[in-house]
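Heads up, the next two complexes both have subunit A, just with different partners, subunit B and then subunit C.
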Partner chain A sequence: MANPACCQNSATPFPWCKTRSPTHSVSTSTSIPAITNTGTARVAAIHTLAIAMAVGMVLVALSVGRFPISIGELFSLLGAKLYGGTTNAPENADLVLFSIRGPRIVAAFAVGAALAAAGAAYQNLFRNPLVSPDILGVSSGAALGAVLGIMMALPIVAIQGLAFIGGLAAVAAIYLIGNSLVSKHGGHDPVLTLVLAGVVIGSLLGSGIALTKYLADPYNQLPAITYWLLGSFASITKSDLAVALPIIIIATVPLAALRWRINLLALPDDEARALGQDTSRLRLTVIIAATLMTAASVAICGIVGWVGLVVPHAVRLLVGAEFSRLLPLAMLIGGTFMLLVDTVGRSIAQIEVPPGVLTAALGAPVFIWLMAATFRRAR
Partner chain B sequence: MTLLNVERLSIGYPRRVIASDISLDVAAGQAIAILGPNGSGKTTLFRTVLGLLAPRAGRVLLDGKSITTLSAPEIARQIAYVPQNSAGLFNFSVLEVVEMARAPHLSWFSQPGAVDRAIAAVSLSQVGMGEFIDREFSELSGGERQLVMIARALASQAKYLLLDEPTASLDFGNRLLVLETLIKLKQRGMAVVFTTHDPDHARRVCSESRDQTLTISRAGQVSIGPTADALQSKALAALYGIDQSVFSAQR
Partner chain C sequence: MIFGKSRRQRRRFTVVSLVMALCWSAAGSAVSAQTFIDDAGRRVELPRKIERVYAAGPPASVLVMAIAPEKLIGWTRAMRPDEAPFLPPQLVKLPELGRLTGRGNTANVEVVLKAKPDIIIDIGSVNANFASLADRVTQETKIPYVLLDGRLDTLPLQIEKIARILGEGTRARPLLDYVNATFADLKTRIATIPIEQRPEAYYARGNNGLTTGLPGSINVEMLEFLGAKNVAGVGTGGVGIANLAQVGFEQVVLWNPNFIVTNDPAFYREVWTRAEWQTIRAVRNKRVFLSPNLPFGWFDYPPGANRLIGLKWLANLLYPETFKFDLAKEIENVYRLLYQQKPTREQIGKILGEPGVLPK
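Let's turn to the complex of A and B:
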């Protein structure tokens, strides 16, 4: 029997509800409560603000730097590029904008958005708001791959390729180990098993990285390794983007398409399966998508921590946990945040401050503030 | 007549059978209470009936078809599960939690629409939680959460409702509220199967002649019968391994 039909016939509210909360007694005429839209206007306002901040940040990032370009010059250069004609901008401004600063800005925004998307998906999947995209070892695997590439003095493209493959391989190993443990000995929480396998393999990879650093040439290789491990957007080129950007975009598609269903992963496994959801298939899809986008990011810019942890967590406090609302906003704010960090990093001092250092310096206080906000809400 | 039949079912894990030879017929408008000491396999029985765990022997039939031949959404559209103490970890709204029950009715890439929203809203008001629709699930009290979880089960439009200790860790008032809700659902024609540690709860909900009580002992011995028979002090003493004199002292 269909519920809506059956309750239209027997719409009388339960009498005990009235005794329970007299002010909240259910109306007697209709059984369908009104769904107010107070939240929708707020979410729309937050979206507008986030888009405005993103656009503003892109403009600031385009103009700020060792070679300052004013906003007027910026628009005239863009106009010249799009519609032809001449500009009043200084010589070389064109080169700086479209070959150096432009790709770097696109990369920073894309990486920030990718890490925030992967983090948001993983926090749902692991039912833990404090999880970052590298919980399944993608960063450790990529780092080991890159560090080995640097040790062997391979060209940059090969180092990036090794980092990407290393990240995928680490996650694949952890997934296969976790999955085989669960399928051999049924009745255990598959998510917890994955986390534990991740801890074990991650620490194994970490010791591999440590060994490589110990053996590396302290004058050439060690600085390069350290530089890579801290992350940087300084050497991003158009060809890096041409490979990484499509991977990030393609990996975003399944997360966006499954945006409502990913909510079910936040439930305990049995509960989601009792709702008819094939959780292992959905989980694998999310893991593949998040791993691809994180590995592509890490391969071009090294390890930048905190973004994938703090941004989705903060956005969840703003708009709630519902993934179809969470995902677009997390990507927008993640991209803006990463762009802010990179812009500050390249203009604040004589040398470039690695984004990994800045995200930590910004992320740690923000995170403590978020915890305080969460505790305030809980009271 | 639609039926959920459990036929000579053995439940457990590859190396350990927890209880065997469980037979049970569940019909619309019927309530069945399941009692047994901790670890006797009540939750395992639910997981097996839901198709989450393979039966060790025997079978579960839904409208005459073995559930091992049905897809997970097909089962979920018929049998709804209310787990024990669902914790609100993330800040989903009550409506969003209830809407999740529409998953077995939707394709992988679709979102719940206006109809699904209306079904969720109706389900909430059916358990008297209509006013809570925009609240955050994690901010609710234990009793309110339990009612929302029951509403979620209703929103799946299943005929069979399996509730795992629906009254556990609730205060006295909320316990009565949940039990009354179960009775109403039974009267509306749903089949209500629930586990409990309190024989009084079984007596309260399963009071009609068609209702039954199933007991599983620690050793895996299963018996089923009219509630009054199953809950005689002699039977309870045997079930929980205590002396019958405890009951006479109590009365």
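Let's turn to the complex of A and C:
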């Protein structure tokens, strides 16, 4: 494995980063051996497969759950919803499908896609494959906001609002601190400074969360806080989606529009600038987009780890590090995977299995298999 | 041979020495201290004079306050302004010492030592973990530590044991009589209610109402005690390790409970407006209830004698045909027995007037 890519700038004061030469290509800027010459036909095949899997997963998710709805009843309900008419489905099946399971499926897919997109963008921006969407404190900020909301016994909407604002505020604070360290105090590498500011402020927020948990009433508030921090799609409703989904979609737009240029962020600043790119502006745009989509996700379903870190990786193994290829596939696979995790989590037992528990349990074997397959092919 | 000549003589000698040994040890204990076997099977040497009691958690605080209020030396957390008016001022102003064991252990052993308790009493779960914690505290502080089983149906035993430890048998009598009478009355009358007439109840926790208490957990003891069916217990088999669990709303639809009790005011407000809850039988029939919590919770927190009044409240709500307790009168009785002060008419009105406490 190469050195952590955040240290590639030879001017960095950290001794463990000195060995790396400053010249390199985009495709090797992440430490996974990227496949640059992936054939277009193969990429198209992978896309087709991913879309088929996503559609299949949505159908499975619609028909699987604690409340039994058969495939026949599912289509009859969908037909009745679209074209009117009556169904033979049991009482409440309509409610379960369109008010509970439906919104939950949309939310799981959207959150998975958003986290994967944000993770892919950040891994590129920070030139580091170990970066996840919460590197700039969005999850810790959101968690602190939500935890304070729970402590104050606020209504759900207010807790979600506090989580969203907390996430944005944390990233804003980290960005401003990082920027001022570079511009006013002569920091060398803006990206590295940002990461370090993120680590420090993130741990500060973490201690705030720990203190709140410590002070919480152990019988009522502490379980509520713990469940929030574990993440869950259990209480998603249409009204949650009505707010979070537009934010996620709007935030995807700049990432999609800038997908070619985002590749340049993987270069050191001076090289990107030599190519005529204003990297700091581009970087800020990516950070805002990724923060918005992550904060909206975390606000409605709590903290769901792993997806934002590993899905972009897995997709990079499949189609390479080129961002315009990476982004759509990462979103598709991230959404499908999150949906799989949530469908299993809400179906296997009467009680919910938190997504955080299942993401790694289901994802780790797949990821290891994928690495093995990729290495074998590269040999 | 040194002792005696025959086998018979030898045996007689053994018997005599045994009897002597027994007499000696009995005399010895009468002189030094009394040994108490607590519910974890631990031998605790009780000091002869117990004037200062450290209650390690809220359930112990409630019972010590009920039996010998002047011996309680502090709270695990200070009384809050809305709770304070229900207790006499000299109890309210006791200092906050922190919780000693269990979840959210906030007490500092030095604080405990400084408070100079003669004994530490803890009521709650009894298992090897809590027993070893108790042993460790005694080793560190040399203060005897009694661990008592806190399950609701053992409440009479808890009262008897604390009365024995504190030497307050007569003062504990009225409370013990009240508890025994209440338990007997509830059990006999509930036994006559056919299974199919018992509500299928769901305990909704958290502001989304999707956290619930699993069967056997201390959180839903009240439902089980009152013979209601906890829907979360139907076919849950195998998940009884945890006390609380999250469930999906789909599962709630499937259970379709016809009785919901919650301790969360935010959930109680939202259950009437959130569209998906309107399909649940309990919501349609307006049988969702919010447990009062002053000065201590009525339903699950803290899991102590404070739930005594909750039993009568919940019995009224679960079986309106069978139980028609006059709650104002019952509050007066229970609060006087537990909290040493008769609540005012306004205080009772405030408790019963909260939305969700009485049927709509």
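One rule holds in what follows: the second predicted complex is superposed on the first by the 321 of 379 C-alpha atoms of A that agree within 3 Å, B and C clash if a C-alpha of one lies under 4 Å from a C-alpha of the other, contacts with A are read in each partner's own complex, and residues count from 1 in each chain.
The rule is simple: a residue touches a chain if its C-beta (ideal position, glycine included) is under 8 Å from a C-beta of that chain, and two chains touch if they have at least 3 such contacts.
Source: prediction; values computed, not measured.
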* To do: Report for A:274: first if it touches subunit B alone, second if subunit C alone, otherwise both or neither.
  => first
* Of subunit C and subunit B, partner touching more subunit A residues -> B
* Once the shared chain is lined up, is A:82 touching subunit B (first), subunit C (second), both, or neither of them? -> neither
* Asked: Between subunit B (first) and subunit C (second), which, if any, makes contact with A:320: first, second, both or neither?
  -> first
* **subunit B versus subunit C as contact partner of A:41, first or second or both or neither** => neither
* Asked: Touch check for A:127: first (subunit B), second (subunit C), both, or neither?
  -> first
* Which residues of subunit B touch subunit A in their complex? -> 13-14, 47, 50, 52-53, 71-77, 79-81, 83, 86, 89-93, 95-96, 100-101, 103-104, 106, 108-112, 117-119, 121-128, 130-131, 133-134, 136, 154-157, 159, 173, 176-177, 180-181, 184, 188-189
* Asked: Inside the complex, what are the residues of subunit A that reach subunit B?
  -> 1-4, 6-7, 10, 13-14, 16-17, 20-21, 24, 26, 31-33, 35-36, 38-39, 124, 127-129, 186-187, 257-261, 263-264, 266-268, 270-271, 273-278, 316-317, 320-322, 324
* Asked: Where on subunit A does subunit C make contact in their complex?
  -> 65-67, 92, 95-96, 99-101, 104, 150, 153-156, 159, 214, 216-220, 222-224, 227, 232, 234-235, 237, 346, 349-352, 354
* Please name which positions on subunit C make contact with subunit A in the complex. => 99, 102-104, 106, 205-208, 210-211, 214, 232, 235-236, 239, 244-251, 253-254, 256, 263-266, 269-270, 274-276, 279, 300-302
